[in-house]
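Presented sequentially are two complexes of chain A, the first with chain B as partner and the second with chain C.
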Partner chain A sequence: MNLIETIKLYFSYPFVIYALITGVLISLCASLFGVSLVLKRFSYIGDGLSHSAFGALAIASVLRISNSMLIVMPVTVLLAVLILCAKENSKIKGDAAVSMISVGALALGYLIMNIFSPPSNLSGDVCSTLFGSTLILTLQPSEVIMSVVMSVIVVLFFIFAYNRIFAVTFDEEFAAVSGTNVKLYKIIISIFIAIIIVLAMNLVGSLLISALIIFPTVSALQLFKSFKTVTIFSCGLSVLCAVIGIFIAVVAGTPVGPTIVAADILAFGVCKVIGVIYNS
Partner chain B sequence: MTLIECDNLTIGYGSTAVQTGLNIKIDKGDYYFIVGENGTGKSTLMRTILGFEKPLGGTITFSSELNKNAIGYLPQTNTAMKDFPATVEEIVLSGRQGHLGWMPFYSKADKKAAEDNMARLDILSMRHKSFCELSGGQQQRVLLARALCAAQSMLLMDEPVKGFDPKITQQMYDDIESLHRSGMTVIMISHDLAAAHRYATKTLQLKRERRTV
Partner chain C sequence: MKKIILTALLLSAAVLIFGQTGDRSDNAGPAKNVQSGGKSGTKVSELPPQKTDIDLTRLNYNMATALIYQILSDESGKYLGKTIRIKGVYSYDDTVYGIFHYVLLFDATACCQTGFIFEDKRRRYPQDYPEAFDDIEIVGTLCERTIDGMDMIYIECWN
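Up next is the complex of A and B:
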């Protein structure tokens, strides 16, 4: 059987199509907000929030709550709002606070899982939570629909708030003087970022989410110099890498998350080289 | 008519006051200079008036005549801005965000205003250039154009001519003076005593204080 037929065969399965739809949408949303996070020097927030989400997931699984989202989502949203809206001059500096929360949640999460849950396949569970699992290939239609709905909301919000998001990202204080409700926008942005991160845990796992947020933006920054072009290019690149990554993962049987991230890394390398050549 | 009145105002950060007992009256049409050495709290005063810092004591009263969404503010450029991927046009246009209301996108009038202000400061030809590729003086003019887009009644500037060559400095003062003549209330932080002497209708000189509250 040649390669094209193999691909055809795989993509005749609905679960592969589901994975592709969800993967593309989540990557798109992650890169949309990635631009703001990277430029606001908040790149590390993806890490912090996803590790905290891991901790919350551990608690949910120990408590045997069937729908873990009920715990993971509110905890992550709350932490996102706290981190992004904290005053810059608080006693514990922002980056230190995020690191404390993130490694703390990671350590306690693993500890809790280790102590309380049946040790049947613990390392397998943990590994799939951290690095993304083949879970993405066992998505139910209801989960796909939820991802689609959330993504549509996120993208529509981004388009309609685009000018405000630019203003708040570029200069918060000027935005405030001009009558933009900076606090409200920051809270909404935090909530969306938390939602994207929780959704993305299925796709790439909680250790690798930051890659989806950061890589496409930083790649775009190598080549483009306006906010609009950076945003558009990073979205396109992120979607492309997700498609390529899922394709390779399905056909070659590699883990989905790391394969997508590998595609993002490669794309960054290419952008960097083109950027250097173009600028010299 | 008084637009802003500070009564026995104490400003500073945390528990350290840099100025105490300030009584300031800014009237409509004033060209108000704030001068003084570094560390005397000039920027802190402006930031307190704008609401970024809380007063440590005293009160600030705004006249109901002052449309607080029609204030233009020219901050000092910060490092995060300097490598931000944004074109001149994107930044100047963001000065019109107060006019957006509930609309998601800028109107033709907004774009026209941005163009007019870019032309006024001679940066129209670089409208598609990236902010981070400009010189310090050009960046300052971009931010001033943005402030002018926002300012309908009042313009607050933190050292607008910092790092400019004499020719552009003069041009900038001329521009601000003509705005002032057309009815704009201007508050400016400056080191330039000669300019204060020449243009100011009122001058506030801040001197160093060392006190804690």
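Up next is the complex of A and C:
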């Protein structure tokens, strides 16, 4: 079977199309809010929240809850709100709080899985959850529809609240003075980031989610300076890398998550070189 | 969901039992023990021996794993009665419900595994079966049975 026949055969399966649709939407949403997170020095929040989602997933698995989202989503949203809305003068600063939650949830999640006998083929689940090896290829139509609905809500919110997100990202005091309810917007942004991270676990796994948030934004920052152009370019780049990554992973049989991240790394390298040449 | 849980439970038990012993082989490797031939149910009786509805040997690990998941999680029964070919490693598990035989696919790091339970009425255990973790190729029909209240999809080898 030659390459063309292989591609035709593989892309005739509905679950490959589901993976592409979901991958494009998740990478788009992650890069949308990635710009705000990177500029607010919260790049590492993706790791912190995804690791806490892993911990919640471990609890759901041990409790034999078939729909793990019932536990994973509320826990991740709660932690996202706590981290992003923590006061500047709190005793535990933002980066320390993220690190504590990150390693704490990861360790406790794995500990729980080891102490309590998992009910199913959990070793495989752990591998997929951590590295997103083939998880996105096992999505059911209902999960794809949920991803589409959540992604549409996230994109619409970003478009309609663009000016306020911009203000909250760069200067919270100015945003407050100009009449924006900063606290409310931070809570809403936290909730959306948590939702994106839980959805993104299907795509690249818990350990690699930060790549979806950071790489497209940092790549765009090598070439552009304004918030708007950086956001637009990072979205396009993120979607492109996701499509290339999924395509290569499906055809070559490589793990999906790491392949997407490898595409992001390559794109960053190209943008960096172009940026250096352009600036010199 | 119950099908996945039961099958996964049995598969994980098999992997746990044999996970510490034997050399694991790549699922794409050459088959040492091939079980195929003949015909079984009415739906497949007209098919030539080499032609199957689902040929997992043509797919890489990602695609084979995804398709196995689709088959095990399907509740409409659309895969039942279809003929299937799969190449992997052999394993078994002696349970209170009897001996279960498996064909398993491992990923490159042997971290994740998936596969099917299979039955072959022509063979007697253990003399007619390979050693654990030998490469095998199975050709058969997807069937379903209920064990302890849970539905289980398995491959009935052609005989």
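Before moving on, here are some points about what is shown:
Rule of thumb we're sticking to: the second predicted complex is superposed on the first by the 273 of 280 C-alpha atoms of A that agree within 3 Å, B and C clash if a C-alpha of one lies under 4 Å from a C-alpha of the other, contacts with A are read in each partner's own complex, and residues count from 1 in each chain.
By definition in this document, a contact is a pair of C-beta atoms (placed from the backbone, for glycine too) under 8 Å apart; a residue touches a chain by one contact, two chains touch by 3 or more.
Computed from a predicted structure; not experimentally measured.
When the shared chain is aligned, chain B comes close enough to touch A:177, but chain C does not.
With both structures placed on the common chain, the touch criterion links A:230 to chain B but leaves chain C unconnected. Once the two complexes are laid over each other on the shared chain, residue contacts for A:252 go to chain C alone; chain B is not touched.
By the touch criterion defined above, A:162 lies against chain B but remains apart from chain C after alignment on the C-alpha atoms of chain A. Once the two complexes are overlaid on the shared chain, A:41 sits against chain B while remaining clear of chain C.
When the two complexes are superposed on chain A, none of the residues of chain A touches both chain B and chain C.
Interface residues of chain C, counted against chain A in their complex, comprise 1, 4-5, 8-9, 11-12, 15, 58-63, 65-67, 69-70, 73, 107, 109, 111-114. On chain A, the positions that touch chain B within their shared complex are 39-41, 159-164, 166-167, 170-171, 173-180, 221, 224-230.
Residue ranges of chain B in contact with chain A, taken from their complex: 50-52, 68-69, 71-73, 75, 80-81, 84-87, 90-91, 93-95, 97-98, 100, 104-106, 128, 130, 132-133, 146-147, 150. Contact residues of chain A toward chain C in the complex are 1, 9-10, 13, 15-16, 66, 119-124, 127-128, 133-134, 137-138, 140, 249-250, 252-256.
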